[in-house]
Amino acid sequence: MTYLAKSPWILHYDASSCNGCDIEVLACLTPMYDVERFGILNTGNPKHADIFVITGSINEQNREIVKNLYDQIPRPNVVVAVGICACSGGVFRECYNVSGGIDKVIPVDVYVPGCACRPESIIDGIVTALGILEEKRTKMVLDVDKKEHRHAGLNPDHILSTGGVQ
Amino acid sequence: MINIVWAIVFVLVAPLIGGLIAGIDRKITAHMQGRVGPSIFQPFWDVGKLFEKENGVVNETQIFYAICYVIFMAFTGALFFAGGDLLLVIFALTLAQIFLVLGAYSANSPYSFVGAERELLQIMAYEPMVILVAVGLYVATKSFSVSDIASSTVPVILLIPGIFLGFIYVLTIKLRKSPFDISTSHHAHQEIVKGVTTEFSGRSLAWIEITHWYETVLLLGIVYLFFAFNPLLGIAAIIIVYLLEIFLDNTNARAKWQFALKSSWLIAVVVGVVNLAALYVLNGGVS
Amino acid sequence: MMAAQVITPIGVGDVVSKAGQAKKDGYRLVQIGCTKIGDDFEIIYVYDKDFTLLSYRITVKEDVVIPSISSEYFGAFVYENEIHDLYGLHVSGINIDFKGTFYKTAIKHPFNVTITKEGDSCQNK
Amino acid sequence: MTLFENTKIVISSLFTRPATLMYPAKPAKKTANTRGHVTINPAGCITCRTCQRKCPTQAINVDVKEKTWEIDNMRCVVCAVCVDTCPTTCLTMDNQYRPAMTARGGIEKVTVAGPKKKEPAAAPANGAKPAEKKE
Amino acid sequence: MSKQITVPFGPQHPVLPEPLHLDLVLEDETVVDVIPSIGYVHRGLEKLVEKREYTEYVFIAERICGICSFIHSQTYVQGIEQIMGLEVPERATYLRTIWGEYSRLHSHLLWLGLFADSMGFESVFMNAWRLREHILDDLEATTGGRVIQGVCKVGGVRKDITPEKLDEMLKGLRGMEHELNDLTNVFLNDSSMKHRLRGVGVLKKEDAYVLGAVGPTARGSGLAIDIRSTGYGALGKINFKPVVEYDGDCYARCAVRAKEMFTSIDIIEQCIKKIPDGPVDMKVTGAPDGEYFSRTEQPRGEVIHYIKGNGKKNLVRHRVRTPTFTNIPPLVTLLKGVDLADVPVVVLSIDPCIGCAER
Amino acid sequence: MQLTQLLIFLILFPLIAAFFLLIAKKDVERNWIVKLSALIIGAVSVFLLITTYNKGAMLVSVIPAEQTGILMFVLEMLIAVYILYLGITYKKWLAVALILVQTVMILFFELFYAHGVHVESNLFIDEFSLIMAMIIGIIGSLICVYSLGYMKFFHEHHTEMPDRRPRFFAILFIFLAAMFGLVFSNNLLWVYFFWEVTTLCSFLLIGYTKTDEAINNAFSALWMNLLGGIAFTCAIIWLATAGGGMLGLSDLLTTGKAIALIPAALIGFAGLTKAAQLPFSSWLVGAMVAPTPVSALLHSSTMVKAGVYIIVRFAPIFQSTFTGYVIAMIGALTFLIASGIAISQSNAKRVLAYSTIANLGLVVACAGIGTYEAIWAAILLIVFHAISKSLLFLATGTVEHRIKSREIDDMTGLIVRTPKIAAMMIIGIAGMFLAPFGMLISKWAAIQAFIDAPLGFLFVIILVFGSAMTVFFWAKWMGKILTVTSDGKNIEGEVDKSEWAALLSLAGLSFVTTLVFPLLSTVLLEPFLLFNYGHVARLSQDNIIIMILMLFLIVLLPLSILIPHRKHRHLAPYMGGRTTTQDMRFSGSLGVQKKTVLSNYYLHPYFGEAKLRPLGIWLCSALIVIMLLATIAKGVIL
């Protein structure tokens, strides 16, 4: 049993969402849904985060930002794409400035559909993420034991090879 | 006299008590906000989690400062609970705090830097009042030694109520509660992200959390000194003071540093002069 | 039903003087919008006073340099930068000139070109 | 008093039950109108492709030959236009939202009945439609 | 050497839920220079008119922004209806107005919460968002969506509300009123709030006019710009007065929004009382040919949808001028000279909706 | 008499060294003379300590007073003429007027009263003098050694200035001689003579570079110190007339307040000017134009220390008198205001200057209070301040030559760029404000002393605010140095051996003195206090152990960096998600790459010089006037 699953701190970034999913992510923190029950805090700081919650799709300008933030989150971490824009580009898929879902840039672990996502779905998504988080932790510990622990995920090639769809 | 046993007890037990206080704090805060909130053991899980995470740093010296911070804070608390000299405790506390500031400086990032400067501003804001607490306790009990003050039968609070109030005021700064969570706050919704602790992560952040627990226990220990003549009253005072801090946290917007500095200085001057002058008159002109 | 809206055509040279006149008359700038029709670009300047619109339209070719009205209306820079970035038209004398970095788009001047990126009619991806 | 104006709210919240819905422990709140996801009654679908054409995000793909109707939940914006425009009302809006997925997927494929070839009673009324489909 | 501190504020920043990017140059903690830049949310959805029919496009227009979603769709369809000369059933206009005001309520509550959060007043944030959930519940029950309603369509609305439900909604709102009172009281009277808001980020009336401020930003500076006064939708039959404050500081802008919530409740009440029976929808054929500036009042201010059609199913041009877009120049001028601690407060005081601004 | 010889040797030997330095033109010769002389002076000082530490106060009366007196008078007149000449040359009429007044007064004294004065013992030594002699002998000579490297570098890089190093080093040594004379003299006339010599030396050293700024500042230092000199002369004349010709310091201190208070107040005033207390602080700040070793000398071991030395000497007279309280208040206010101004300063040397003024203010406050505890604190302050401040000045000087700037903001990341010097600087700064280093022990002692004094709580309140501000400006400087910049290159290069020796010795001293301060206290301070007050102040055993424990922690913890530890992943600093290059350039608005600039807070609107200085000047001037008037009125009435 790890503590990771009991205290997942999230970093929320609005890639190019319409705010719909965005405010629903925030709504999760508020009294009605209160995800702090599960130890979830919205840290707003990648250095402290475990779960990277992204709403909205990748566009030309936030590509670097998303990658940068992802790199600054200490391992193990998981990425949750919230909303269909984050999953696939959604309704804006065909816009000239939208390149598609978050998985074009960083590996995504959980996809939460919806437009806009309901807070309940977001909670479900994060709970799903917790399982993955724990798996990753176990894997990380094993890797260290095998003395193979290299800077996991820092290498952009790694990201592309594991997560890049298409 | 220094009592080593108490020092060791502090070093071992304070994190447990401090963590529990933090947990209860979060629970009560959540209820005040109309939600259920986390388990009261959540702070321990958070710290456990941080120890499980990868150690990410901007540069290695940060870890050094974080460790110095916790060591000196534990040392300070141990010194206090062992019954050492209160002034020395306060100086040691400042030293510990400086390590946190240096850790923030060393990261060379804008948010951490602004946080460090603000932390220093805060130190500047509360330091006079904290020393005045020691002075007031000395004037009331004729000793700087914590063990003497704790075993004194003088009803300290009746002699220095003003200084006690002033201390409660700056305690808000020390506990990083709204309105004075200026350099860093428990929830990072702040213009400077998480201020001094922005660049700390994983293990070093866990150390800093533990340090906060030590600090909380130490500060509540100082509250106790005002009521040491009656231990029950002392415990009650600690509880009431902490509840008051939670209440303040939930009923105030974050103030700006200018206000924090001005108001805490003003209070320090006023209660310092009034209370000490009153004592001076009471004691018939002898200090 | 609201009142019909009249858009007065003017020349490129009149843009600034009309803006000055509007400002003098107490109009606020509501928007500057651009539309590409064939090879021409229509730019509409819209002012408002007491919920009545005053609109001017200029029709220009791509190579025409449009004078900025940001000297009259400080806030015009957002619209003018936008027109520059989305349509590739040149606006001279903007007070805060982002020089093409207002919107960083995947395709340069997207509204000036016909985008051939195939909208996939079916998911399967 | 202008200090601590929030006292009333804080104290009353402290002493009343929290507003939290305790979501996973208790089921999610829903209303009859809630748009969760689109479901299809395969028997009713005539593969007319109206839904595919009207869908603003092109989430629906109807394969006339294979007689399949598929929807990509990663694209669907649950606007319910398909439901409104479906001539046979075989599409309905369920108020249960779609679960999270750990891999990019979300495509639901349903084999449907396809165009109704003989329906004597209804044929005169909307005979144009089956005819169209035959092409 | 100048004694300055550069702070890259955003695009990812905890107090700004949306990506806005400010290069702050500080001296001590005073902002001496600020250059904003946007474009992190720019999708380019206006170009989609070339790919979507004007009727489908409603759903795209609605997703310009998830907060102002309903009013965006309303503005868009009003523009289309204007060009096509459609007479929308009256009940539909009333319903649109009701939902519009509901959107305003939810947006203002959302904003009040975020605004409090930017000052570290977490419990007010929680309280505001708790109240907002009641509004969202009503929206969901009547439209099916919490934040994206999807009920507007060209020629009317897609859902009707039963009279019982309308009564229930009204009762709910009236029941909420005292809680709203408690909430706004904190914003308007608490001294720690006043300390942060009074005299911070003062926008003078003349500046607001010249810089093109709209919505509460303008009304906080004494400009009574409220497009609802033009009487679009059913508002022409409703009695209301725009809320105007004169100080032009953050406090005034906050007060405008706080008081507007009560105006919105009043408008909803009048609508519910006056709403006629009848259909909510009409059949639409053909396609728009012409151009129109459709204006409505969003929670953040005046929004303009410029719609130009040429008789085909696809529009020629759809241009949205959102309130945040035109509030950016005032924001830039406001930020100079404030404290770093005030930056998020001032930024939020114009209620920026970057999703809107960049489309 | 071995003691006599030692004392005279210490006074005269630097003069001899000065003479040789004046004629030695070659670098090698100068290096040898300076190093040897410094070694000798240091060694003899230590020898003096070893031989006399347990002997108590000793008077020396074998010097032929008559002849020496005449010699001193002649020298004083020569100095006066020289200053007069310079004053007229540079058209500094204020200085001219003051020197004229002073000369006339001295002449007046010599002609009418000198014959009536007879002092048994001209020289004396007690534990306090011994401590001062240590400071001068060890720190002073270390600074002279340091100057070798510094001045060489200085003239190599400032070729526009004439190389007048022989003169420079000669003055340095004369300065040391004068300081030795000052602390060993029992005869107030002798004290006065050496007093004037320090004034002259500092004047010449400040004006060394002969730029317009240097000359102006030198003259402003001169006229302020001349004011003090005039007050000193007044005191002597008063003693010669109303005081019955009692000019022996040891006699004066035992006669009691009735007679000694007025001269003590006057000399106290002189001390305030020399110790650069408000309103006379500006000369010390202005003295920053001189080469850095001069600043170090003025601030740590000589000049300003002469000012506080004389005030502390008279402390028993001040104890629980109105005069004493007013002087203490001037000191306390100076501490408060100078600490505040130091926050607003970005120039490292100015920060150091204001910090000196502040700390001297604290010494003056302690001396004005005058209780045994306060004096204990005061002397500790003098010792620890001398060590840390000289270390800081010298380190700043060395850094300045590397980074070509004195701005604290330019010192960002020194720990990466010049790690060794940065470490020295950190030790100096830590020594100034952190537990368990000396300055903090002294401040602690001061707090205790203040509370125990009547009405002391007022001073405590001032003190706590002052020290809070002290923490602020030191910590932010420290933070700047310790910032780890990712793009820093080591630019330390070769540090001149002489500079290095001085820095290392001083850094070592600040640790050693902190460690051995209990010894210092029992061996030197306690006998002194016992003799003068009949009471002893000390820290309790427990506290000493704890302090030593802390010191060990502080020494040992940095070593932990050397221990290899687990791999860490390096994350870029948080920049709001923006991409950042290695040298901290981020992609900013308008598509421009922006450099991250992080400069300290200086809080000008709150602590600016323009705001606080006038306040301090008015308050303290008023207090000085009150002090003098009240004392004289009281003296005249009695």
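A, B, C, D, E and F are the chain letters, set down in written order, and residue numbers restart from 1 in every chain.
Criterion: a residue touches a chain if its C-beta (ideal position, glycine included) is under 8 Å from a C-beta of that chain, and two chains touch if they have at least 3 such contacts.
What you see is a predicted model, and the numbers here were worked out from it, not measured in a lab.
**Student:** Of the other chains, whose C-alpha centre is the longest way from the centre of chain C?
**Tutor:** Taking each chain's C-alpha mean as its centre, the farthest from chain C is F.
**Student:** Of the other chains, whose C-alpha centre is the longest way from the centre of chain E?
**Tutor:** F
**Student:** Quick check on this structure: which chain has its C-alpha centroid closest to the centroid of all protein C-alpha atoms?
**Tutor:** So the chain sitting closest to the middle is B.
**Student:** Averaged over CA atoms, how far is the centre of chain B from the centre of chain D? Could you give it in whole Å?
**Tutor:** 55
**Student:** Can you compute the centre-to-centre distance for chain D and chain E, using the mean CA position of each chain? Integer Å is fine.
**Tutor:** 28
**Student:** Could you work out how far the Cα centre of chain C sits from that of chain E, in whole Å?
**Tutor:** 23
**Student:** Would you kindly tell me how far, in whole Å, the mean C-alpha position of chain B lies from that of chain A?
**Tutor:** Inter-chain centre distance comes to 35 Å.
**Student:** Specify, in ascending order, the residues of chain B that touch 2 or more different other chains.
**Tutor:** 30, 32-37, 54-56, 110-111, 113, 187-189, 193, 198-199, 201, 250-252, 258
**Student:** Enumerate the residues of chain A that touch no fewer than two other chains.
**Tutor:** In chain A, 13, 30-32, 34, 37, 42-47, 59-61, 65, 69, 72, 74-75, 88, 91, 93-94, 96-97, 115, 118, 165 touch at least two other chains.
**Student:** Send over the residues of chain E in touch with two or more other chains.
**Tutor:** 5-6, 8-9, 11-15, 29, 35, 37, 39, 42, 44, 47, 51, 59-60, 63, 121, 123-124, 126-127, 130, 133, 145, 148, 190, 192-193
**Student:** Please give the residue numbers of chain F that touch chain E in the complex, ascending.
**Tutor:** 346, 405, 407, 409-410, 575-578, 586, 588-590, 594-605
**Student:** Can you name the residues of chain A that touch chain E in the complex?
**Tutor:** 11-24, 26-27, 30-32, 42-46, 56-57, 59-62, 65, 69, 91-92, 94-98, 115-116, 118
**Student:** So in the complex, the part of chain F that touches chain C is made up of which residues?
**Tutor:** Spelled out, the residues of chain F in touch with chain C are 589-591.
**Student:** Quick one: which bits of chain A touch chain C in the complex? Just the residue numbers, please.
**Tutor:** Against chain C, the touching part of chain A is residues 59-61, 88, 93-94, 96-97, 99, 165-166.
**Student:** Mind listing the chain B positions that touch chain F in their complex?
**Tutor:** 1-2, 54-61, 63-64, 67-68, 71-72, 75, 79, 84-85, 87-88, 91-92, 94-95, 98, 101-102, 104-113, 116-117, 120-121, 123-125, 127-128, 131-132, 135, 138-139, 144, 193, 198-199, 201, 258, 261, 265, 268-269, 272-273, 276-277, 280, 285-287
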